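In what follows, structures are represented as structure tokens.
One chain, subunit A, links the two complexes that follow: it is found with subunit B in the first and with subunit C in the second.
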Partner chain A sequence: MKFTVHTTSMLQRLRYLAVALLLLVSSAASPQNNSFAVDVIVSPSLAEITLDRSLLRAVFTMRVREWPDGTPVRVFVLPDDNPLSDRFYRERLGMYSYVLRRAWDRMVFTGTGFAPTVVRSESEMIELVRSTPGAIGFVRKRETSSRARPMPPRWQIVLLAAPAHE
Partner chain B sequence: MSNPLRIAAVFAAICFSGSAAAIDYQVHGYAAQGFVLSRHNDFFGDSTDGSFDYYEAGINAAVQVQPNLTFAAQAAIRDAGISDDGSLRLDYAVADYRLVSEASIQAGLRAGKVKNALGFYNETRDVVFTRPSILLPSVYSDNQNQRSLIFTSPGAQVYGGAVIGVHELSFTGTLNAERDVRKSDERLLVSLTVPFDLRIGDSWNVQIMDSIDGGKWQLAYSRFSGQFRLSTAPEIDLVGRFDVDLNVFSARYNAERFTVTAEYVLVDNDNRLTFMGAPFLHQRVAADSGYLQAEYRVRSDWTLMARMDGFYSDRHDRSGHDFAAANPGVDRRSRFSHDFTVGVNWRPGEHWGFWAEHHWINGTATLQPLENPPPVRDQRWSMLMLMAGYKF
Partner chain C sequence: MSSRFSIVALAVAAALPTVASAVDFSYSGFSTAAYSQSDTNLADVGYTSQPDSIDKGGSFETDSKLGVQLTAKFNDNISATVQGVAYTDLTGDFEPHLDWAYVRAQATQSLSFRGGYLRAPTFMYSDSVFVGYANTWVRPPLEVYNLSPVYQLLGVDATYRAQLGAFTVTVNPYFGESEVDVSTLKLDVPEWKGLATTVNVGSFQARVGYGVIDLETDSNSVAALTDPLFAVPAALCGSCASEAQKLLIGGARIANLNVGVQYDDGTNLIASEYARSDADGGEYFMPDRYSAYVTYGRRFGNLMPYATLAGTRRETPLSTNAISIPALSAAVNGVIASQGATDQDSYSLGVRYELPSFSVVKGALVKFQYDHIDADGRGNLNNVQPGFDGKIDMVSASLDFIF
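Our next item is the complex of A and B:
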């Protein structure tokens, strides 16, 4: 009798645990469901550049200061707590945002480099990247709108081919 | 925030009015106020009654004249009980010339007053936003003597980086010029009844780091070598040479939610004193220190931290018994320190940070004797530390 009661309560606990896990999984998965892709944007002067992951990492960790053509690199980012930032760093650079922030803070407080310029919104990002020579940033990919109307004339979207293993 | 920016803008406009359009500059700063409440022993001020005698602040500017040439300087203040006095100092002032700047390889030279790369935290040790906790682990001697040795110094630096597969290798090598030790630091390092002067010479350091897979693993080896030179008036003729060699081994694993860090330092001391030209004292002692630390990011703005930290003044005499036997009247418990720390950090937005941590400590090696005159020190003590900071 005692044994049966024990089993029942164990099963019940397992069920609760399973439900809890399901809830966790579904809440973790929900951002994936309304997934958004991220595009790298660069200023018009860089239209010819090829951006692979190693160049992107070097640029966003502020290790390179000029583009191959000699233009100074100017990096624009969204605030660290913006989900788009997290997405971009993770998917395109293969890095966590806190690791990047640590590298930027180290440069800023040792005089060994510049931090990226933080902008408040995607529209500000687009405006600054458009108007700044050598600028690079990222925005949410808007597939429908970009198909519906021609690209804005004065800035260029570089679509990155996803790495083969992803 | 706008005021310093405005001042810097005016400054930049005056200095570079000829070619203002080509100049890039940035101004950043930080300020943090700490509070220490301890039981039994004092740390950073009269902390058994609660001490606010712990703060840090700095402002810096960096100017990029050309893509390959930058200038940067930072002025800073720090107060930490008896171990730092809050006076204004030039933290760094450096010219940086980049020789190679490509995606897979970079190299350059720096000169001026440079920061010494040692372990993960030495270069930015006074900026709480870059530390894992309010108090750095004892590898970094936050309340101790070797801080002034490794902190920052005039010199020349060569640096480089290379990407090889998933490895990002970086190298920093620094040759420091001979320099004077500040009066306020001298009294922490040497206790003498006659006037003396302390300088640091033969000082250099290197760091090699491997950052693997976008920084998921970070492994580093750093070495620092320097010599404290003690001199007294000719009529006293007491001369000291204290060689210090530090070897620091660092490892860090960065996952999405947690970070695990471990560092170990081996400190070799070779102390020689001569009196009236004749050898007076020669001792060699090896100290060591290490810690294991875990950080867990509960959310993007909340981080929990736990750390086990140990320090030994003589690694061959960890209990201090031998030292106490050889030096009657010396407390063996002043030869080691074990510190277990738990802490929490809240970052509401990019500018503000708030920290709280509790230390349980066994041993008094990390205390300043000037703040805790013997023999009143307790072996087992604890402290609560709080800090609030702003950066831009």
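Our next item is the complex of A and C:
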């Protein structure tokens, strides 16, 4: 009797373990993880822009002042302690946030440039990038993003629609 | 100095728009709290001629700084910036200084002008050398960064930036004057001009800088030597006048050449500079030298260990036989033997650790650094005493933050 009970318990434990492992594996590749991916967003004025990682890094380190068509570059970022910032800098730029901070502060304290404009939220980021010619920023990837165009395949550039009044 | 302040104040005032509400004010600051200690009292490590720098008794002052910056942005094209920094200057006093005060005009997206108090871009990191958070080391390699006696420029500069395919080219000419108090005298620079050109491509940066400094001084500590040297007829001593000129800082002209490269892919950092200083006059006090360093660092998350090798070599001879009058020759050789830097090598091992930002602190980090210095004679050191064997071991710790 005791033996039977013990076997049932073991089987149950194995089943729980298998389920837990399945959950663990599935969560590693789950849409929840993808939903934390990052999109680069650009203003409607940059319809023809092509961004590779090198240019993206140059833009976010504030070394590029204008786009090829002459539009001034306006960079918007989220606060350094926002997890999305860290993810964007590491995955898209291959840089730690403090390395960028160091580059920006060097410019600020030496008068050779300005740091990006820090916005408080993703919604503010979207609104400012949408309404500012030459603007670029980043937001959490949204499955419903319209007019998404992969280029290059490692990330997506989302061209925001122009504001309604334009 | 007061008249210079007035000029800057007038320039700033002239740039102020009449509608104050249109001005976008911002402030920021940086601070370094550092402590360093070496294993000897027979020589000090510090900036050129700086008294009371780092020795066995330890120093909080040498590398500690506090800077506050206020920027007024009038529109997209005009801004004015004032930066005050408290630091230990070359007289050894820790006190506040007006480090930057300039008006900046962005003429086009590619071209900007600045006027006022600036830091001349003599070396690759000259303009940010006080911002500990922005620098890899506790202090920049002094073999290179001690080559120029002055760093603050009162004048104008222009920055032209061009995008040539994948290359970003920045050209930065500057012109102005300067002055600096060192421990024993006041150096005036009636004319300082130079040009720095930087090329960035991807993670790579290369830079060439060249500047010429004309020096004047309010005192001649070796007049007792230079006056008789000039007075000796050329028929008796053909080289006496030119040797006297090598003892005079006033009237000297220093040319600084700097070549720098940096590679920073976000994980690996390599930075290296070669610099040389050539004096025309005064070279027995500021000898012709060339210096170089290379730094490698690798980031592991918030941690970055780094290592630096540096060296400097003196080209001006340590004695002269050009003076045919024995008494004068002995006296001049005595001065040469006691003044100016000599050869020195060093290596440094350090680690930076980024701390989480909090409240108004945008970034903070701690650094620990070990330096070993091997000097041939005086090396690049201060207050060298008899019996010094040329070797120094030194440890430093700093807390840097920006706000």
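Methods note: the second predicted complex is superposed on the first by the 108 of 166 C-alpha atoms of A that agree within 3 Å, B and C clash if a C-alpha of one lies under 4 Å from a C-alpha of the other, contacts with A are read in each partner's own complex, and residues count from 1 in each chain.
Here is the rule we use: a residue touches a chain if its C-beta (ideal position, glycine included) is under 8 Å from a C-beta of that chain, and two chains touch if they have at least 3 such contacts.
Fair warning: this is a prediction, and the values are worked out from it, not measured in the lab.
> Answer with clash or fit: subunit B and subunit C placed together on subunit A by superposition.
On the superposed model, which is not a single observed complex, subunit B and subunit C clash.
> Could you tell me if A:T112 is touching subunit B, subunit C, both of them or neither one (first, second, both, neither)?
In the superposition, A:T112 contacts both subunit B and subunit C.
> Could you let me know whether more residues of subunit A are touched by subunit B or by subunit C?
Answer, by number of touched residues of subunit A: B.
> Residues on subunit A in contact with subunit B in one complex and with subunit C in the other?
Touching subunit B in the first complex and subunit C in the second, residues 54, 57-58, 63-66, 70, 72, 80-81, 93-96, 98-99, 102, 105-106, 108-112 of subunit A appear in both lists.
> List the residues on subunit C that touch subunit A in their complex, please.
Checking each residue of subunit C against subunit A gives 28, 30, 67, 69, 71, 76, 81, 83, 100, 102, 104, 109-110, 114, 118-119, 127-128, 130-131, 133-134, 159, 161, 163, 166, 168, 200, 202-203, 264-267, 299, 301-302, 354, 356-357, 362-363, 365, 402.
> Over in the complex, which subunit B residues touch subunit A? Could you list them?
Its residues touching subunit A are 24, 26, 28, 30, 58, 60, 62, 64, 67-68, 70, 72-74, 92-94, 96, 98, 101-104, 106, 110, 115, 123-124, 127, 129-130, 159, 161, 163, 168, 213-215, 254, 256, 297, 300-301, 349-350.
> With touch defined as at the start, can you tell me which subunit A residues reach subunit C in the complex?
Contacts found on subunit A: 54, 57-58, 63-66, 68, 70, 72, 80-81, 93-96, 98-99, 101-102, 105-106, 108-112.
> Taking the touch rule as given, give the residues of subunit A at its contact with subunit B in the complex, in rising order.
Residues 54-55, 57-59, 63-66, 70-74, 79-81, 86, 93-99, 102-103, 105-106, 108-115, 118.
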